[in-house]
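What follows is chain A paired twice: with chain B in the first complex and chain C in the second.
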Partner chain A sequence: MTFNLSRNQFFLLLFIAQTGTVSLSFQTPFINATGRDAWLVFIGVGIFHYVLLLIYEKNYQYFKPGPIASWLFIGYWFLILVSFISYVDYTLAVWAFPDTPQILVIAIMVGISLYANLSRAETVINLSVILVPLIPLFYILLLFAWPNYVWTNLFPIGTLDRSELIKGLLTSQFTFIGIELFLFFRKHVDQQHKVKGRPLFIYQSIWMVFFFSSVLFTLAYFPLVEIKRIPEPIMYILKTQTVSFVERIDLFFIYLWMMWSIITIAIFAFTSIYVLQLHVKGHRKRNTIILHILLVLFPLLFLSKERVAMIQSTLPYFHLFFIMVVPTIVILMNRRKKK
Partner chain B sequence: MDDVKSIDGMILYIKNIFHDSADLIVEEIEWQKKPAIICYYSVINEASQVNKELELIRNRAEEGLLKWGETAASTVQAFSVPTLIENVATGSVAVVFPFTNLLLKITIPKMPVRSISEPDNEHVIRGQHGGFVESFETNIGILRKHLAIPDLVVKSMRLGSDTNTLVSYVYIESIANKDVVNDLKDKLENIGLSKIWGTGPIEDYLEDSVWSPFPQFLNTERPDRVIANLLEGKIAVFTDSSPTALIAPVNFFSFYESPDDYNARVLVGSFYRILRLISFMAAIFLPAFYIAVVSFHSEIIPAELGKQVKLAVNDIPYRPIVEALILELFIELIRESAIRLPTPIGQTIGIVGGLVIGNAIVDAGFVSNFMVIVVAMTAISSFVVPSWEMNMSIRLIRFPFMLAAALFGFFGMAIGTLVLFIHLLNLSSLKQPYFTPIIPFDPSRFKDVFFRIPYVRMNKQQKTFTHGADKEGGDR
Partner chain C sequence: MRVKGFILLICTLLLSGCWDEKQYRDVTNVSLAGLEGTPGNYKAQFAFPVYVDGAISYTTVTGHGISTRGAKNSTNTSQGLDTAELEVLLLADDAAKNDIYPYLDVLFRDPRNRLSANMAVVEGELAPYFEPIKGKGEDISTFYTQLIDTAARYTLVPKIDLQQTCTILFAEDITLALPYIRMDEESGMPTIAGTALFNDQREFTGEVLDRKESAILMLLQKKKGKFSRLDFLWKEGAQESPLSINIMAIKKDWKISDNQINASYKLKVSVEEFPHDSLNKKKTKKDVEDFISKELTKNFTAVVKKLQEAKSDAVGFGQPVRAFHPKLWERGDWGDTFSEIPIQVKVKVEMMRTGILN
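Moving on to the complex of A and B:
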C-alpha cells in the first residue's frame, strides 16, 4: 500500500483513532478509580502522553517491526476491535435497539468498515473528515450545560492513595489507545511537513483539552456517588439539555458517536491490513474480507455487560505492553542493527 | 460508346451504394471535355453554391494550375469507394474523375441548424442568454468568439460505425492537464459503440463509475459555463448532434456553481451558493429525517409540536414510509408529465397536481399535512441545483435514505451517510478526485466551495487522490 499523508491528515487520523469509542466510556471507570482527584491525575496522564509522543517522534525511523511484532500488533488491534464493536453494539442495544438482533447491527457497522477498506487507502484515511464539522458541535452542546456545572465538585483534592492512583493510571490508558498508530504512519507523512515541535504540541493540546474537559464536565455535573451508576456520563449531560427545536439532543449524539466509532473501527482494520501487507504480499481484498467476517463473529461472544467489562478490564495491560514494551524492543533492536 | 457505358454504369453503381436515395444527386458533368460524376446530397448542399465552387475550380483547371483542386473549400484525393462514401455521407460534394482516378472533394455543407436561443433548463438572471445548438461549427464558433486565443485546441473524430457522428473535444493547451487530455482521447478512441446520436452514450463510456448515481461529467448548453471551465483546465466534449457539452474533470461542488454567482454581487453570489449546498442536505435527508422521527424518535420533537404531529399521523392508515412513497411518486409523476406536455399545459398540470390533488389526498386521509410539507420542501430543495443531472441523482438517492430511516431510524441515516460519504470519496472524474477540494483538502480552493470569491482566478482540477506534490495540472 503506497500512500502519502499531509500533517493534518496524519493528526486527524490519530485523533479519531484515539478518541472514537472511548470518548464516551472512559470517564466513569477513571473517576471511580481516582475520585475528585481525577482531573489532577489526568494532567499527569496528559504529560505522560506528550512524553510518549516525543519519544515516538524521535525514534519512529527505527520502528520497523518484524513478522512476530507485526502479528502481535495485529492480534492486539483485533482485541481492540472486538472490544469496541461489542461495546458500541451493547450501548446501541441499551439506547436504541433493544429488540433488533445484535448480529444485524454488528454486521451493518462492520459492513461499513469493509466497504471503506475495500476502497483505496485514501478513502479510509480521509473518512474522518466527515466528523470535523460534527465534533465542535458536540462540544458546543456540552458547553450549553455550563450553568449546571458545580465547580466546587472538583474539590477537595489530594485524597488519593497509591493503589487508587495506579488503578486510575491504568484506566486512563483507554485514552491512549491508538497512539501506537503514530509509529506506523509517521513515515508516510510528507517530508516537507514538520511534525516535531509546535505541530506535535498542538495535537497534544487538542487531545488534552478533549479528554480533560470531559473529565472536568463529568466531575462538575454529577456528584461522585452518581457517577458510579452512570456508564456514559457525557451522554447523560447531553440528555438533560434541551434546545428550543429539539427535545433530546443526546439521541443525535449517540449516532454521531456511533459514526465516530465505526470510523475508528475502519481505521484499526485498515492498520491491521496495512501491517499484514508489510509481510504477506498480495491478497489484500481476501484478507480484508476474512478480517471483517471475524469482526462480525467474535463480538457476538462478548455482548453482555459483564463480558464487555471483562474484555475492557484486560485492555489497559495489553495496551501498556504494546505502546511501551514492544516499541522499545523493536526500536532498540533496529538501532543496534543500524550501528 | 464504351466510355459512356462505363460512366452510366458507375452512376448506377454509386446510386446503388446510397440505395438510390431521393435526396442524392449523382450526375454526369463535363470536365475539360471529358466526363466526370458529381455526387452530393441536395438537402445538405445548396446547388447554386456547388455550381459557383465548381466554376471556380474549373477555371483553375483550365488555367493549367498545378494544384487546381486545392482551394479553401476543396481538395483532390485519390478515388476510392470508401472515400467517396465518407465524403458524401458527411456532407461534402464529391466529383469523381474516372479517367484520372481522382476525387475532388468540395466542403460547403449547409446543414440545417436552429438559431441560437437560451437553454430552457439553465436559465440565468444575468449573463449570456445564448446557448449551444446542434452544430459543431456554430458551437466552436461561439467558443472562438469568446476565447480569442491560439491555445484553444479543438480535436475531432468520427465515432459510431452506424452513425459516423462527429465528436470533438476542446481544451486550452497551456492550462489543461496533458495526462487528462490523453486519458480522454484514449477513452474516446476506444468507444466501441456503433450508434452514437448524442452525448448520453459517450458519457457512459467516458465515466469512471458508470453505476454511480452521481454524474461525473457536467452537462451544459451554456457557452459561459463551458468557457469558465475551460479556463480552469477542464475539457469539453461536443457531438455534432447535440447542443450539450460534457465537461470533465469536475468535482462534486462544480454542480452547485451557477454563472449567476459570478454575475451577481459577491455577497449575494456567496449566499446563494451556500443555500444550494444546504438544499443538497435538505433534498437528501429531510424526508428520511421525518420518517425516522415519526417512526422511531418522536421524543426529540418539542411537546407542543409533537402533539400535533401525533394527531396528524394517527389518522393515517399507513406507515410513514408508505405515506412518503405515495407522495414522492405523485411528485415524480407531476414532474415527468409537466416535462412532456407543452409549457402552458405543463404549468396547469403542476397547479392542478400540486394544489388540487395534493389537497384532496390530505382530505381523503391518504397522507398527513406534515408529510406534504416535508415532501414539497424536499422537491423544492432538489430543484435548486443548477445541474439537471445532479438534481436527478439527488432525487434518486433520497429513496434509499428513506428506506434506511424506515428500517433503523437515525441509525439507518447515519449508516447511509457513511456509505454515501465513502462512495463520494471513491468517485473520480477522468481519474481526478471528485470530492476535492475538501478531500483531498486544498485550502486554496476550499473557500470557493462556499463563497463566490470577488476576483477572477483560474483554478485547475486536483490531479491526485494522494496528498503531496504534483497537485496542479498543466504547465502554466
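Moving on to the complex of A and C:
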C-alpha cells in the first residue's frame, strides 16, 4: 500500500484516532480514581505523552516490525476495535436508539468503515476532515455551561495516595490509545514537511487542551459524588444546556460522536489492513471484508454494561505493552541490526 | 458518484431509526408534575393536555412516585404518559421535608427527559395548584413557568432547574434553595411567597425566606436577575422620601479564617425613585449611599443569620471553605459548623447613575 501524507493529514489522522471514542468515556473512571487531583495528574500525564511522542519521532526510522510484532499489533487493534464498537453501540442504545436492533447499528457503522477501506487509501485518510468544523462547535456548546462551572470544585489538591495515583495513571492511558499509529505512519509523511520541533509541540498542545479541558469541565460542573453516577459526563453537561434553536444538544452531539467514532474505527481497520499487507501480499479486498465481518460479529458478544466494562478494563494493560514494550524491543533490535 | 453515495451514507446516520420513532398520537406529554406525601406514601400528580370537543383542555391524574408508569393505569387517556417534555415539577412541603433524590432519580436516569424543568416547593396539598387558574387559561404549566421565570428575572427567587437541583443535592458545600409558592388568600391564585431552604441532608427545613429576604439571598449568592430592585424609606429629620434602587453589579470578597468569615460586598446601583432629589450634591449622594449601605448590611446580616439558624448554607460559603480551609471544613458536619461560625457581612454601595433627574 503506497500513499503519502502531508503533515496536517498525519496529525489529523492521529488526533482522530486518539480522541474518537474515548473523548466521552475516559473522564469518569479517571476522576473516580484520582478525585480532585485529576487535573493535576493529567498535567503529568500530558508531559509523559509528549515525551513519548519525542521518543517516537527520534526513533521511528528504526521501527520496522517483523511478522510477529505485526500480528501482535493487529490482534491488539482488533481488541480495541471490538471494545470501541461495543461501547459505542451500548452508549447509542442508551442515549439515542433504545429500540433499534443493535446488530443493525453495528452493521451500519462497520459498513461505512468497510466502504472507506475498500476505496483508495486517501478515502480513510481524508475522512477525518468532515470533523474539522464540528469539533470546535462541540467546544462552543460545552462553553454554554460556563456559568454553572464551580471552580472551587477543583480544590483541595494533593490528597492522592500511591495506589490511587497508579490507578489514575492506568485509566489515563485511554487517552493515549492510537499514539502507536505515529510509528507506523510517520515514514509516509512528505519529507519536505517538518514534524520535529514546533509542529509536534502544537499537536501535543491540541491533544492536551482537548483532554485536559474535558477533565476540568467535568470536575467543575459536578460534585465528586455525582460524577460516580454519570458514565458520560460530557454528554450530560450538553444535555443540561438549553438553547433556543435546539431542544436537545446532547442528541446532536451523540450523532457527531458516532461519526467521530466511525472514523476512528475506519482508521484502526485501515491500519490493521496496512500492517497485514506489509507481510501478506495481495488479497487486500478479501482480508478487508473478513476483518469487517469479524467486526460485526465479535462486538455482539459484548453488548451488556458489564461486558463492555470488562473488555475496557483490560485495555490499559495491553496498551502500555504495545506503546512501550513492543516498540522498544523492535527499535532496539533494528538499531542493533543496523550497527 | 461514489463520493455522493458515501456522503449520503454518512448523512443517514443523522436520521433516527424508525424503531425509535415516538409519535404524539402514542404518548401524552406531561408538562406539570407534582409530588406529595411522606416516605412510603408518596403520591404524584400529573397535568397534561387532552382534546375534548375539538378543543385542548388540561386534566390531571395521580400515580405513585414521579414515574409515569404507575399513573398509566389510573388515567382515562388511551395513551401512555411521558415526562420527556416536563416543564415544571412541584414538591409539596411535606414531601420536600424528606430526602427527595430517590423520587427524582427516574427523571435523571432516562436520557429522554428534559432536565431544564423548573422546580418549586408549594405550601399545603398539591390538588389546588393543579386546578385551572381563573383568567389564565387552562395551561397551568405555562402559568408556573412564567411565574417562576418572572420572579427569577426580577431577582426574587433562584431559578433552579432539575439538573441544578440534582447537582446541589450531591454537593457537600452548598444547600438547596427553591422557589416557594403558596395560594394567595385574596386572589386565590398561586403566588411566589419566597424561597424554601433545605439542609445538607437534602430535606426542606420548613424555613421560608420572604420575598425581600429572598432577593437578598440572590445578591448574597451574586446571582442577579435581569432586574434587581430594592425599596427603602429614606429619612432626613422630619422628612421622608421613598428610595428605590436597581442593582447594576455586585462584587463579593470573602475572607475566611478558621474561626470567622468576613463577607464584603460592593454594589453598584442606579437610583430609580427618589423624590427628595438633590443627588447632584455630593453630601446628599454620600448620605444616600451610606444610608443604603447601612440598610443593606442590616438586611444581609439578618438573612445570613436566618440561614445559620436553619443550618442551610444556600449562599455557598462552604465552597471556598471546603476548597481552601481544610481545618475549618474538617471540624465536623458543615451544616453544624456553618450555623455556629461568626459571619460578618458588610455592604458598600456606590451610586453610579441617578436616572435622568438629579
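Criterion: the second predicted complex is superposed on the first by the 339 of 339 C-alpha atoms of A that agree within 3 Å, B and C clash if a C-alpha of one lies under 4 Å from a C-alpha of the other, contacts with A are read in each partner's own complex, and residues count from 1 in each chain.
Here is the rule we go by: a contact is a pair of C-beta atoms (placed from the backbone, for glycine too) under 8 Å apart; a residue touches a chain by one contact, two chains touch by 3 or more.
Note that the coordinates shown come from a computational prediction; the quantities given were computed from them, not determined experimentally.
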Subject >> First, second, both or neither for A:P156, with chain B first and chain C second >> reply: second
Subject >> First (chain B), second (chain C), both or neither touched by A:I290 >> reply: neither
**OP:** Could you look at A:L301 and tell me whether it touches chain B, chain C, both or neither (first, second, both, neither)?
**Re:** neither
Original post:
Of the two partner chains, chain B (first) and chain C (second), which one does A:I68 touch, if any: first, second, both, or neither?
Top reply: neither
**OP:** Look at A:I206 in the shared chain and tell me whether it touches chain B only, chain C only, both, or neither; answer first, second, both or neither.
**Re:** neither
**OP:** Tell me which partner A:L137 touches in the superposition: chain B (first), chain C (second), both or neither.
**Re:** neither
Original post:
Given the touch rule stated above, what does A:W95 touch, chain B (first), chain C (second), both, or neither?
Top reply: second
Original post:
Looking at the overlay, does A:M258 come into contact with chain B only (first), chain C only (second), both, or neither?
Top reply: both
**OP:** Could you look at A:Y115 and tell me whether it touches chain B, chain C, both or neither (first, second, both, neither)?
**Re:** both
Subject >> Set intersection of chain A contacts, chain C complex versus chain B complex >> reply: 96-97, 100, 105, 108, 112, 115-116, 119, 123, 130, 247, 255, 258-259, 262
**OP:** Please name which positions on chain A make contact with chain C in the complex.
**Re:** 94-101, 104-105, 108, 111-112, 115-116, 119, 123, 130, 148, 150, 152-156, 221-223, 225-226, 239-240, 242, 247, 250, 255, 258-259, 262
**OP:** Note which residues of chain C are touching chain A in the complex, please.
**Re:** 2, 6, 9-10, 12-14, 16-17, 19-20, 111, 114-116, 161, 163-164, 166-167, 170-173, 319-320, 322-324, 326
Subject >> chain B to chain A touching residues, read off their complex >> reply: 297, 299-303, 306, 408-411, 413-415, 417-419, 421-422, 425-426, 438-441, 465-468
Original post:
Touching chain B in the complex: which residues of chain A?
Top reply: 3-6, 8-9, 92, 96-97, 100, 105, 108-109, 112, 115-116, 119-120, 122-123, 126-127, 129-130, 190, 244-249, 251-252, 255-256, 258-259, 262-263
